[in-house]
Structure formats: structure tokens, C-alpha cells
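Here come two complexes built around chain A, the first alongside chain B, the second alongside chain C.
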Partner chain A sequence: MIDLAAPLVIGDIADLLTSPGEMSRIVIEGLAKGSLYLMISAGLTLIFGLMDVINFAHGAFTMYGAYIAGAALLGLGVGSMGFLGSMGSIFVVMLFVFLLLAALGVVFEVALIRKLYEYPPIFMILLTFGFAITLEELMRMVVEFGDINNGQWQIDWATPRIESVPTELASTTEIGFLSFSGLQLLQIAFGVLTFVGIWAFLNRTRYGLFVRAGVEDEEMAKALGININRTFTAVFAVGSGLAGIAGVMLALDPLWAVNVPLALAVLLPAFVIVIVGGLGSFTGTAVASLLVGMIDALGTWAFQTGVITFTDLDQLMIFGILVVMLILRPRGLFGVEGQGDHG
Partner chain B sequence: MSTENGERVPAWIGQYLRDHLLLVVIVAMFVAYPFLYGFLTNQFGIAAAMILPETRTMLTIMALGLFAMSFDFVSGYTGYLSFGHAAFFGIGAYFVVMGFNGQVPLVPAELPFMVLLVLGGLVAAVAALLIGLISFRLSGVYFAMITLGISEVLYVVSNNWDYITPGSSDPSDGVAAGAPSDVGFFEPVIGIPFVDPLNAMVGPFGDETLLGFDFGDPQIVSYFLIGAVVLLCYLAMKRIIHSPFGKVMIAVRENEERARAIGYNTFRYKMGAFMISAFFGAIAGGLLVAYVGTIDPQNSFFFLVTGFALVAAIIGGLGTLAGPFFGYIFLEGVQEFLAREGGGGGLQPFLEQTLPGGVLELNLGGLTVNEALNSFMTGHGEFYAGIIFVLFVLYIPIGLLGTLRQRLGTESVAKYISRRVTARFDSAESQPAD
Partner chain C sequence: MTLLELDGVHTYYGESHILQGVDLEVGDDEVVALLGRNGVGKTTTLRSILQLTPPAEGSIRFKGDELVGKDTYEIAEAGIGWIPEERRMFGRLSVEENLRAAVPTAAAVAEGLELAYETFPILEERAGQRAGDLSGGQQQMLAIARGLVGQNELLLVDEPSEGLAPKIVTDVGEALLSASASVPILLIEQKLGLALDLADRYYVMDHGAIIDQGETAGVTAEDEKLRRYLSA
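Moving on to the complex of A and B:
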């Protein structure tokens, strides 16, 4: 049927297991990919955990982040700044995108989502889905109208990446048998930062306490005088901002394409990760991101060595993980009984 | 009306037609539509073409409207959101094409279209059984996501599996029925088997005569035949929903635990509903192929195919069965009007013709009004569809038909109208006009 396996499988796998360089390359690639996946899905899981809102517009937010980052990097002329200058500007752009998308998230939450808290959760899916379609189409209009990337909304907008990502990021460093690129290092650093930041936000700040109280028992939290509505808005803002930052990171990575379909390309794996990790559990999301990242890296290796000849293998595997996980553990890795059951 | 000549026409037919007056009127309107379209566009020119979809577009609307109804059948009545419903649509469409090309094991090439259509529906029902065995262990968001996941797997496979396209072409570009050189032309015949006058070929080069009438346009014949299949499917689904089986489906939606407590094996009912809706979803997919003869992953297995069925279902009213069909017509009409999606008229050419040249040439920061209209009102239907959808979710969450039912205070608009009409006739008969 499907021509999946070439005859060399066993020899290739033996090669992989006996070569520390190859192994470590896959592990580092997996970590980097996992970090990206964590950044993509962190906002989604945060919003779902507190508000029971499955935000279908999340992918569109990431796509906006990527486009805004591209425009900002080109506009600032980051390409001619040298390594430190360009890295600094990339961080500034990230902050800018975070604030911008957080603001968009606040508007979305206050103007639309808040009206539907009393409805069954399915209406949240519907609302955010409609919003997502509109946002994606709006970006298509902007791209065609503003002649961004020659009006090609389906094709990767590579110019900002080529012109502004410093060469230091793209080049590979080798220490002993380890080899990694600067970009992978940056991605892993940001993945760790995202994890630590959100963990600290949830566990070490007063607002995080409110958030956890809201997840635990919304009625009780309200009765104790916590302004749940404002907490919801804040969480939605942070989640949307994180989606934007993920967009900036994706714009720097040549494996991802800055185009309008990016929204879906981000949204679907993010869903898978959030569900595999268990709806509403941030630790679960982090573990699931790493899992998906590792499997993705292994799939890429298998494809490169010719063990498997199927182009969109990574996507197939990601959804395969979802199906297998839901059969084995319907609540996900760290899921709690009852969450997400209704609707 | 038929009680006198009861020997020739059974009395129940008259009663049935009287009870379903609205259905009869609507079907008559659909039958008249292609002629009406020609007449109105001749009479009023571009102003009529601006609003009305072409007959060609109506063919697609019929198939996708049926798909939206099949989506509503399971999602609206059992409350289980089948977010991967496009899988069944795709299975139906691909089965017809690949079955005709002789690529499906055990299915000989060049089978008649009707056989392929029904077989495809059955294959989709079996697929629904397999998917349901996994998915119905879950509920709520999890159910929606696992069905979405499975349909995405099928989408990826259909995008990459080069077995589908025997030549060298890319599977993501789609596949045509009758493409391999050793298979004959794709001639989809719809009708009652073995009754020659009741059969006709669908397609741009299909038959021009049906029931002995010469319509002079294969499009109109295709429109009638596909419409007939859609009507048949609608009546079948409606019948199931009004049967005891359908009542249990609604009970599952309202309170599954209570339905189980009463003693119903809800799993069987959910599975049955899922399989039936998969069957009709696949029929819709097959019908889409009937006219054009090709299918590609983007228009079959893709996530947004389900997405638009969902949008149509909400606009028409979730859990109203007929609602999603009209919701789809409404949605397509809006897209046609604002974005010229159907390739027919639309607001933009109308404005271009009617606005004075001075306004069109007016400069808005580097662009003339004409250019701006061109870019914003051509091909961006999803933008307007999304806005309308959001507005519906916020302000009319029960949809058009749902609102109508609520306003009239009835469970079925058709029954309400026929009751009103009969009451009017009865009173007119008993008290002659003074």
C-alpha cells in the first residue's frame, strides 16, 4: 500500500543508536522543536485552563505576530546592525509584538468573549472560530493590498528572515560530538524562559494565585472578593501576547513559513499538545510539547535518512500521537477528570 | 382534494402534501429557479445577477448544503460536535473518483455512478463505526478534537499518497475521474436504475433531456437530478429524526445520563446517528464530484470544509436539519454578493457599472476607489462570512430557522403553515363570503 519503509531500516536505526553525534543532534533538535511547540501552545493552555475557552483564534494571533515581526524587522533595518544590535532589536520587536497582541486579546475578550460566559462552552468554540476566519482573511487582504511579499499570501515571506537574522544564529557550532546551531540555542533558551516565566507567574505571584483560585473554584474565588472578570481579561491578554511572541520565534526559523496558512499550521499542533498534555494542566502541556518535539525530530531524521519516504510525516505523526493518546489516556497525560467534558 | 378519486391516487398522498405544503412550495421554487434566474437576469440585468447565484453555483450549494445537513444530523441532534465531518465528505468524493478509476480493491473500474455513490456512503458509515469506537469513549471538547485529528490524518494522507494519482502529478492537486488512459470517460448517470426515461447523465457535457423534456442545457438537468438526490436524503434524515430513534438522539443531547438511566443503550444510538450522518455526508461528497468529475484534498478532507458546514449550521439553526441547508444558501449568497465567490455577479461589478466615473477614479491615498473595491470585494468571502458568523453567534445563536420557530411558537414551521392554511380554507368553506 503506502510505500513507507525502505529496506535499510534496521541498519539505519543501528547506525543511529551507535553514533552519539547523531543521537545528540536529534535530541537537541527535539528540544528546540519542543521549545517552539511550548511557546505556541502555552497561551492556549493558559486561556483554556482558567476560562474553558478553546481559542480558535490562537493560530491567527501567532500568524499576526509573525507578520508584524517581519514588518518591524524590515522597517528597523535590523539586517545592518551587527550581531548584538540585531539580537537586541529582535528582543525589542518581541516585546512590541507581545504588547500589541495582548491589546488585541483584551479587545477581543472584553468586546466579544465576555458576552458568552453564560452560554454553553460550544459557543466559545464557535465565536473564536468565526473570529479566526475573519482575522485570517483580513491578513490576506492586507498582504494582497499592501503588496507584502509581492501579494503572495500562500508563500513564505522569507525576506525579513534572510535580511535580518544574523549569520551567527544560522551557523552550526561543534563542541565534542555535540553540534547545534545558534537558532536552536535561542529557541531552547526561550522555551525554558517561557516555562519558568509562566510557572513563576502561576505559582509565585498574587495574580497567579487568583488564576489558580479561579481554575479551582470560580464561585468561591468570586465570593472571596477576587475580581474574576479582570483576571480573565489579564490571562487572555497574556495568552494572546504569548501567541504573538511564538509568532516572532517562528518568523526567525526557516523551517516555518510566514504566510496566512501559518495560522492553521500552528493551531492544530497546539491543540494536539494541549489535549495530549491534559486540558488545563500547564506541566502537561510542557511535557507534551517536548514529546511532540522529540517525535517530530525523530520523524525528520527518519525522512532525511530515507527510512520513511512520506513528505508530511511530521503532521501525520502529530495527529497519530493525539489519536493514540486519547485511546490510551482519554484525559491526556496530566488531565483532570471533568475538565472539558461539557459542551 | 384527492378523496373523490381515491381509487387512482391514495388518500394519504393528498393528506401528506397538505401537511407538507411548505416543503412542496419550496421544492417548486427550487424547480423554477434556473428558469427564474434566466428570466430575471434578462429582465433586470446586472442588478439581479448581483444577488442571485448562478445555476452552476447552485449545484455546489446543493451538495455542500446536504453536507451541512448531515453535519447537523449528528452535531445538532445528539450534541456531539463532529469536528472532523469532512472526513466522510472526502471519503465519499474520493470513493467515487477512485472507484471509477479502478483504484479501490474489490471494486471493478467504471461502475455506474449511483452504485459508487451508495458504496461510498457505506464505506463512510463503516469508517464512522471505526472512528466512533474510539471517539465515543470521550465527550465534549475531546470528542470534537479526536474527530478533527482523524480527519486531519486523512487530509495529510490524501495530500501525499501518490497511489491516488497514478501518473506523476501531485496528489495535493487533486484527481480526476476517468484520468487513467485505460478507463473510459466519467459519465455519472443519476436516476432510477433500469428505467430508461428516468435516467440522465450529469455533467457539463451531460444530457439535455429529462423525462422527455428538452431543457437545452445540461446544467439544468444536472441541477434537477442532484437536487432530487438531496431532497431524497433530506426526507430520509427527517424521517429518522421523527422516528423513535431520533427521539432518543435528542434525549442524548438533552441529558445523556438520564437517557441511559431510563434504559437506552446511548452508545448504540450515538453510533447509529454518527454512521447515518457519515453516510449522507459521503453522498454529499459524491454529488460534488458528479458535476465536475474531479476532487482535491483542499475541497474535501480539509478542516475548513467542516468549518463552513458548522457556520452554515449555526446560521440556519443547529438542530433544525433544514436550517443548515438554507444557512448554506444564505452564506453562499452573502459571499457571492460581497466577494463574487460564485463567479457570477456581486456588488463590485454592479458598483463599477452604476457609480459615476468621477467617484471610481477618486484617489484614496494612492489607490482609486475602483481599485479598492476590486481588492476588497473580490475573493475575500471568508472575511464577510466570519463577521456574519460572529454576529450570529452573539445575537442569533439559535439561527434563522430556530428563531422562526421560536417566533411562531411551533416545533415545525412547515406544520405551522399548513395548519394555518388549512384553517383558513376550512373557515372559508364553512362560512361562504358574504
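Moving on to the complex of A and C:
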């Protein structure tokens, strides 16, 4: 064990980084975090790629997903169900949250967003920003007047999380030099599922073909008989539902807090990922999610092992990447020139 | 019988009054050429029919149904296909995906692909390639194929020979000629010879209105009157 008080010299750091146990720890944690980041940003990138809508309410959708998950898990008494029962309930809650947020997305798109497609992008930004604030204030009221978490909207709603997360998720398994927790496995599994699911939707279904055609040339897609408005609504529904599911996943992770500021905590890294990956590119978003996940894991690891003695280096590096990317390659890793331009 | 009928169509781009009362007709078994210098409103006429740039005034009827006010996709569903200027491929989609997107129903995909590959065998060879990587001539064939597989009853074809080598222009001309056996075409084409070869009738446009029209029979690319209309 390393003495936290003494600063490490370069030799110690090199020893740590070349040890297979430490390396695998960072990689597994990076994969798990990257999976969460993918779930957070997948909906945002789908919606932006097709519709050119920068949805500032995306983080609020995730925050609602987290709160609904908390309420549902508490209401169902998931903590006392045993491993299979609790996992089953969590999956049911995920499905429910997906459908509910997808429905909210449909209402938002049809009633408000659709009216502004013909206007300059600033109108859309103001609309989604306003909707984000409305949703956040609404949740603040619900928490305060509903006496959820003793009315504390800015503090982590810890009770349902601690009670409803199965202990198996928190415990660590060791195989050889590999060490991982059940939660990490679950996160990676859902990350892979999200990637495969969206990839298959985009590349293997007729609707996905319409979406990709619409991303490239909306006018031409319409002129070929594709009802692009209906495609927009469907994509907005799926994107919003995914934001909700990400919220349920975050509610299971002790490193995230279920509170109203979660909306912003989700939105910032999601924006970074979508921009770094390349606006409108789903593959880019997946790669950027992994990149940010790895950096986050490395920063966390460096702090935990005493390589550095301050926190949030990972945050600094993530935004550093954003700055460097915007200067060197503004369209991102996988972005296509002109994608996301208006007109 | 009249298939498409434009009646006093006025269309604006912002404040610019582009179409100033266009009247034209396309019958149900003819190819009609829309001639005129650059910037007189030919492309805007096609965009107005498709409601991509909806007219402010006037009527556009297809098989007797009013198109003004409809969504573009409904006009495509009604059977009007667009083979636009600069081809407008989905460049990152494969050749086959471009065709699939153009077939109106999932059930008709196999039949549509067969028709496209029969007409342009080169497209079958390139089926898995990104459309953006095709040569200009191949892209034009794909654009025409997208029009053919759409089960359309009228094709709006905009500058099909633009930017193509002379040999390819001949191929594209033959492809359009064979297409015109089964579907009526409203054609915009700068190469007067090609336009007159394909078309049964022509309209001449200037300043957003039709200023002349006639049969193409007996009219050559050397025709004095037409040359005067089309010279800058």
C-alpha cells in the first residue's frame, strides 16, 4: 500500500502504470465510465445529428430518469428483493423510464420544437434551454413540496440508492490480476448494449436508413418520400428515452448524485463527447465516450493512489481535450465537413 | 391528358420574386423540356412543384389533385420523382442503401434493386461502395436509378448532363430516353441538342415566366429563335 502523505517519485508512478493489476483496473474502470458516458450522450448525438437540435434539456431528462428510478425503487422496496428480484425490478424500471421519457420527448418535439425548425438555431437553443430550466425548477418544487429526501433538492437522494442497489453490484470479484465490481460489469454490459442497439437500428433497419439519409440531406430524403417529420419525432423519442435510461444507470452508481444539479453534471460531459466525437457521428460519440471514460478513470486512479494529491484533474483534462479539439479539428474525430451546418 | 398543370405560380425566395406567374403542362406520355438561361427560375419551378420552395400564389395540380400546401414527402408518395441538379447522393450511404431509401415500401425493395441493376449494371458492381466515391457519371446513373425505383408517374430531371464527360452524357441521354418510354419527364437541360432529342415539347422561360413554347419536331439546336432566347 502506498503512503498517501509522501509524494510519489517518477519511479513509483512507472511501477504502478506497468503493473498489470493497476493497468487492468484503470482499463475496466475506463470502460465502465465510458459506457455511462455513451449512455448519457447517445441520445444527444442522435437528436443533433438528424435534427440539428442542440437539446439543452437532455441533462434534465437524465435527471428525471434518476429521480423516477429512485422513487420507483423505493416504492417497490427493491432493496429487500434479493439479487435477482432487485435486478429484475431495475430492468422493469428502466423500461418504464424509457417509455415515459420517450413520451415526454414526443410531446416536447410535436408541441414546441417542431414550430421552430424554420427559424435560426438561436431560437431552438433558447427553447430547449428554457425547457431545461422549467424541468429543473419543476423537479425542485416536487422535491421540496413532496418532501422527497427531506426536501433537499441539491443533496444526493442517497436513501433509495443505498437501499435498492443489490450488494452483489458493490462487491468486487478478482480473477487473476483482474479486479472488477458487479456494477462495472453491469455498466459495461449496458454500454455495449446501447452501442449495438443503436448501431443495429441505424444500419440494419429501414427506419435507421431513413435517419441516416435525413442526416445527410434532409431535402432529398423528403423528395424521395421519407416522412422526415415522423422520423424526427421517433428519433427524439428514442433519444429522450435513452437519456432517461442513463439516469437509471447513474442512480445505481455511488459516484453520481441523484439531485437536481445532476442535469448540468450530465449535460457538460455529454456536450464535450458529442463535439469531440464529431457532430452527427454516432461512431465518433462512442469513441469519444471511451476516451473521456479512460481519462476520467486515469484521473480518479491517480488521485486514489496518490500520484496526484488534488481532485478533478480528469475534469481539467476532459475540457482540455475539448479546447484542443476545437482548435485543431473543429469538426471532431469523426465529423464530416458541413455536417451540422445550417443551410 | 394532362398529368401536371401549373397555373399562375408565383414563388419567392425571401423578398426576391423568382417565379412571376408560371403556366405549364405536362401530358401523361410526353417529355417536356424547360429551357432558358441561368437564373430565370427553372430549378425554382421544380422546387415549387415539390413544395420545397412553396409558391405564394397559384395552383399546381397533379392528376387533378392540388399539390400546393402538401408536404414534400406526400408529393413524392403521389408519384413525382426528383433527379436534382448536382445529383444529391447520400454520399456516406452505399449505392444499394441510396436505392433502398428511394423505394416506397419495404416489400418493393427487391424488385426495385433488380430494376436499377438491370438498367445500370455498373451500379450492381458498385452496390456496396459509398455513393460519394462514385464517379460523376455513375452518380448521375444512381440519381436516375433512384427516380426509376420510386414507382413514379412523373420525373423532374434537373441538368442531368452538367459536369459530365461527352461520352457519359451520351449514356445518360440514352438512359433518360429509355426511362421516358415508361414515365413522363419534365426536363431542364442546358445542352440544347440533348434537350431537343429527348423532348416532345418545350417551354422557354425568362424572368420567372414562360415566354414561348412549341413542339420539338423539326426544331434543331441551330434554331435562330431558340438560340436568341438562350444566349446571354
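Following the convention adopted for this analysis, the second predicted complex is superposed on the first by the 330 of 343 C-alpha atoms of A that agree within 3 Å, B and C clash if a C-alpha of one lies under 4 Å from a C-alpha of the other, contacts with A are read in each partner's own complex, and residues count from 1 in each chain.
The rule is short, and it goes like this: contacts are C-beta pairs under 8 Å (C-beta built on N, C-alpha and C of every residue); 3 or more make two chains touch, one makes a residue touch a chain.
The model shown is predicted, which means the values in this text are computed figures rather than measured ones.
In the superposed pair of complexes, A:F319 makes contact with chain B only, with no contact to chain C. Of the two partner chains placed by the overlay, only chain B lies in contact with A:L268; chain C stays clear of it. Using the contact criterion defined above for the overlaid structures, shared-chain residue A:E118 touches neither chain B nor chain C, since it reaches no partner. In the superposed pair of complexes, A:F129 makes contact with chain B only, with no contact to chain C. Counting the residues of chain A touched by each of chain B and chain C gives the higher count for B. Using the contact criterion defined above for the overlaid structures, shared-chain residue A:F145 touches chain B, although it does not reach chain C.
In the overlay built on the shared chain, the residue A:I54 is in contact with chain B alone; chain C does not reach it. On the chain A side of its complex with chain C, the touching residues are 206, 209-210, 212-213, 216-217, 219-229, 336. Taken together, the chain B residues at the contact with chain A in this complex read 81, 134, 137-142, 144-146, 148-150, 152-153, 156-157, 159-161, 163, 303, 307, 310-311, 314, 375-376, 380, 382-383, 385-387, 389-390, 393-394, 397.
Taken together, the chain C residues at the contact with chain A in this complex read 50, 52, 71-73, 75-77, 82, 84, 88, 90-93, 97, 100-102, 104, 106, 146, 150.
The residues of chain A lying in touch with chain B in their complex are 1-2, 54, 112, 115-116, 119, 121-123, 125-127, 129-138, 140-141, 144-145, 264, 268, 271-272, 275, 279, 310-312, 315-316, 319-320, 322-323, 326-327, 330, 340-343.
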